[in-house]
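The same chain A turns up in both complexes below, where it pairs with chain B and then with chain C.
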Partner chain A sequence: MNMASLAGQLLQYIVTGVTIGSIYAMVAIGFNIIYNVTEIINLAQGEFVMLGGLVMVSLHMLWKLPLIAAFPVTVVIVTGIGLLMNYAAIRPIRRPTVLTLIIATIAASMIIKGAAMLIWGTDSFDLTAFSGRTPILIAGAAIQPQYFWVIGFLVVIVAGLTFFFDKTIIGKAMSACSENAAAAQLVGIDVRWMVLLSFALSAAIGAIAGITMTPIALMDYDRGAMLAIKGFGAAVLGGLGSFPGAIVGGLMMGLIESLGAGFLWSGYKDAYALAALLIVLFIRPSGIMGNRDVIRFKRF
Partner chain B sequence: MLEIRNLTAAYAAIPAIRDISLTVPEGGIVSIIGANGAGKSTLLKAISGLIQKKSGSIRFAGQDIICERANRIVARGISHVAEGRQIFAHMKVEDNIHLGAYLYHRRRHRQELQEHIRQVYEMFPVLGRRSRQIAGTLSGGEQQMLAIARALMARPKLLLLDEPSMGLAPLVVHDIFAIIQRLNQMGTTILLVEQNARAALRIAAYAYVLETGQMVLEGPAATLLTDSRVKAAYLGG
Partner chain C sequence: MLRFSKIPIVVLAGFLLIFPLVCTGISALHGYISLMVFAGIYCLITIGLSLLMGYAGQISLGHAAFFGIGAYVSGIATVRFGVNPWFCMAGGMLVAAMVAALIGAPSFRLKGHYLAMATLAFGLIVNIVFREESAWTGGPDGLSRIPGLRLSGFMFNSTIRFYYLVWVIVLAAFLFAINVLQSPAGRALRALHTSETAAKSMGIDIARYKIMIFVFSAVLASLAGSLYAHFMRFINPSTFNLLFSIKLLIMITLGGMQSLWGAIVGTVLVTFLSMEWLQFFQEYESIVFGGILLLALIFLPEGLTGLPNMLAGRGKK
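Our next item is the complex of A and B:
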């Protein structure tokens, strides 16, 4: 193998890794939003991604809605399901503890997955790529245009959330809830409403991840769990609750997976990233960007 | 303005306060004194809605608020400066101040809000100077001022203060009490919980003594200051 083609291959794996990593980062951001407000790890986060992909497939491929219309409609539908989950699975719990709530999210994820299997069956579905499938050739690497859409949407989500949390009073109120729920109530913030909003935001971001990844990786009813594991891994790797951490963690997981599968054995691709996660946690239990004071597994 | 009758409140199964009755007249300062663990903070939390498990009645401006949630009670005009300066430590001072006025954050209130922020900074000049500092890095006294300033942003009719002097140097304590008196003169009714019983009784008109969850004594503050039991237990003989 000559040098040029090796460099091309390396670039190929890196771009692929960043793309997969962007998906993981979106899932990790979803985890963090709910975690920060409620301390719940929402294990149904992966199902939002799965639903995003499958609802989009139905709207676009079956009902022939153009992409640009199907996209927002899908996000709205999945957000609705996120809200429904909050009302049906989280609020009715009479004595909420973090552990019972997490178990409730597992139950919700099973119900969503079961319902998806009934609706879409066990087939994998493809979705039209947003800008076609003609690869762009850069320095010996052939890159799908859809990759740029995925990375672009991560950038848009991060910019949007940064604005939301830094500049709007609702965003600040949400941060206030995560910092001190009692004090937040005492300035008049309705914490239950903020929890609802956190589920809505996470579901919406999950939907975007699902929609943008489907043209690359297809989608089926059974994908949620693995996406949740990788996304959770990314969130923990970066430091649970940290948004920069979610991005760094997600991209690292994606890169390790892609480079590992490319240069080592592709059969173990799911193992590399999780092994890296374990190693980081041995060295730095709070994650890469995590603040030791802020890791709050206190109620377990 | 605030009328509490037979209030009992609990954290788990055991009530932390039992059968409390208390009245705060409009425009007054009422103090509650009591030893550690007597239930003073619990009483304030029950009033502001942080504790849900309770029975009895809490009437504010003529309406029973015992079943309301904390965020609704703030909207009614009761602000609670909780024990231990519950500021948003990772945020800037100005963000804390803005969040204090969370209920007023609508576009048409913008002008009014700016004016109100200016007034609060005028009352606490040090906060104005440090508005861009991270709140957790303020000194203890500054943090207490921020906690009070943030509560004022909600324009309370009744201010619940839980040990505002805790852990502060005598000079700063003096400042804080001066501010409390000034707020009262400007029309805010005050319910004050204090370990510093002497100072609390000096600025109050009326006071209550709480022991192991129950009211054991009440009366005009000046009378309590000379009461032998109060002297022995809370004023150091």
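Our next item is the complex of A and C:
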């Protein structure tokens, strides 16, 4: 193999890795939003992504809704399911401890996944790419236009959330809840409403991740768990609760996976990123960007 | 609260003793003996997990992996190298113990639910290894012709013989777990469950006890895996997947997290539900079990074994 094609291949893997990594980063951001407000690790996060992809497929491919309309409708539907999950699976728990609430999210994810299997069956579905499938050739690497959409939406989400948390009253109230829920309650912030909002926000972000990734990776009912664990891995890698950490962690997970599958054994594709997660838990459990104290102060 | 009276244990032992005799008598119940073998094997895992959840306040989403480690160590060593099955069983337990210590140590030094995620990642990796290393594991097709168990000339070659073997081991593990809870270490664990800060200030090394429990639960799961391999004589990766880890969680939540009896009740019930009574609902399995888990969390916060107490409490009001 000559150097030029090796360099091209390397670039290919890096671009693919950054794209998958952007998806993981979106999932990780969704995790962090719920985790920061409630300390719950929402194991149904991956199901929001799966639903985003499949609902979009139905609206756009089956009912022929134009892309520009199907996109927001899908996000609204999945957000609704996120809210429903909060009402049906989180609020009714009689003795809410973090442990029982995590188990409740597992129950919710099983129900969502089972329902998706009944609705869409076990097939994988494709979605039309937003701007065609003609690859752009750069230095020996073929880059799908959809890759730019995925990365672009990550940028949009990050910018939007930065604005939301820094500039809006509701966003600031949510930040206050994640600092100290009891204190936030004392100054008149409705914590229950904030919890509901956190579920809505992360469901919406999950839906966007699902919609943008489906043209690249297809979608089926069974994808949620793996997406959830990798997104969580990204969140831990970057430091649980940290938004910049989620982005760095997500991109790292994507790169590790893409380079590992490209240069090592492809059968272990799913294992590399998970192994990286385990290694980080060993060496630096607070994550790359995380602050050890922040984790210790969380009252589990 | 944690007094274990002897009477229920004797009743349980008596029930287990006559159960196969009753089942062989009634033809409709014939299949129930092998179901109880599976239930017993799963009970071994959930007894350990129940200690972990109820007394160390942690969940594991990767016990299918320890179950699989036992099964595959037994399977590979007996099929490929002809090692004595009992040695393999011990070997699997040793491997599981070492792996669990390795995974548990960093997770327990941290607060929070890192163990859940570490075990989840670990479980998925182990499952991928079972699938990919086909030269050893037989890959997705699995490993067949695993020999049965024999003890100096006595073959455990019928379902009933295996039934007694499994349940004797389960009862031994159950009694051992009770002893653990009533030992000084167990008192430390109960303290830990009430208040971690208080336990810490009394000089109890919380992380060490949690790791010990986790390792114990992994060893039991591995033992269960070895028994499973020798009972089925065939194993494949799909038995040891994430869904199985979650089913273990459902068994304990339904039975009651705070009590070892809960583990037994929940496990037997879920085994019968998933392998016999809900067979018609194969397609709906995920929804049905998700629903059962959610309803248990909402309406039975102490599980089925907490139900009498709950009703009594309501009666008083």
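Annotations
FYI, the second predicted complex is superposed on the first by the 295 of 300 C-alpha atoms of A that agree within 3 Å, B and C clash if a C-alpha of one lies under 4 Å from a C-alpha of the other, contacts with A are read in each partner's own complex, and residues count from 1 in each chain.
Basically, a contact is a pair of C-beta atoms (placed from the backbone, for glycine too) under 8 Å apart; a residue touches a chain by one contact, two chains touch by 3 or more.
Since the model is a prediction, treat every value here as computed from it, not as a measurement.
After superposition on chain A, the partners chain B and chain C are accommodated together without colliding.
Of the two partner chains placed by the overlay, only chain C lies in contact with A:I106; chain B stays clear of it.
Between chain B and chain C, C touches the greater number of residues of chain A. Seen from the C-alpha centre of chain A, the directions to the centres of chain B and chain C diverge by 90°, a value given as a multiple of 10 for the model superposed on chain A.
Of the two partner chains, neither chain B nor chain C is touched by A:I81. Of the two partner chains, chain C is the only one touched by A:G114; chain B is not. In the overlay built on the shared chain, the residue A:L197 is in contact with neither chain B nor chain C. Closest CA pair between chain B and chain C after superposition: 12 Å apart. Chain C meets chain A in the complex at residues 53, 57-59, 103, 106-107, 109-114, 116-118, 120-122, 124-125, 128-129, 131-132, 242, 246, 249, 253, 283-291, 293-294, 297-299, 301.
Across the interface of their complex, chain C is touched by residues 39, 41, 88-89, 92-95, 98-100, 102-104, 106-111, 113-115, 117-118, 225-226, 229, 232-233, 236, 240, 265, 267-268, 270-271, 274-275, 277-278, 281-282, 285, 295-296, 298-300 of chain A.
Every residue of chain A that touches chain B in the complex is listed here, in rising order: 169, 172-173, 175-176, 179-180, 182-191.
Every residue of chain B that touches chain A in the complex is listed here, in rising order: 48-50, 69-71, 74-75, 79-80, 82, 86-91, 95, 98-100, 102-103, 105, 150-151, 153-154.
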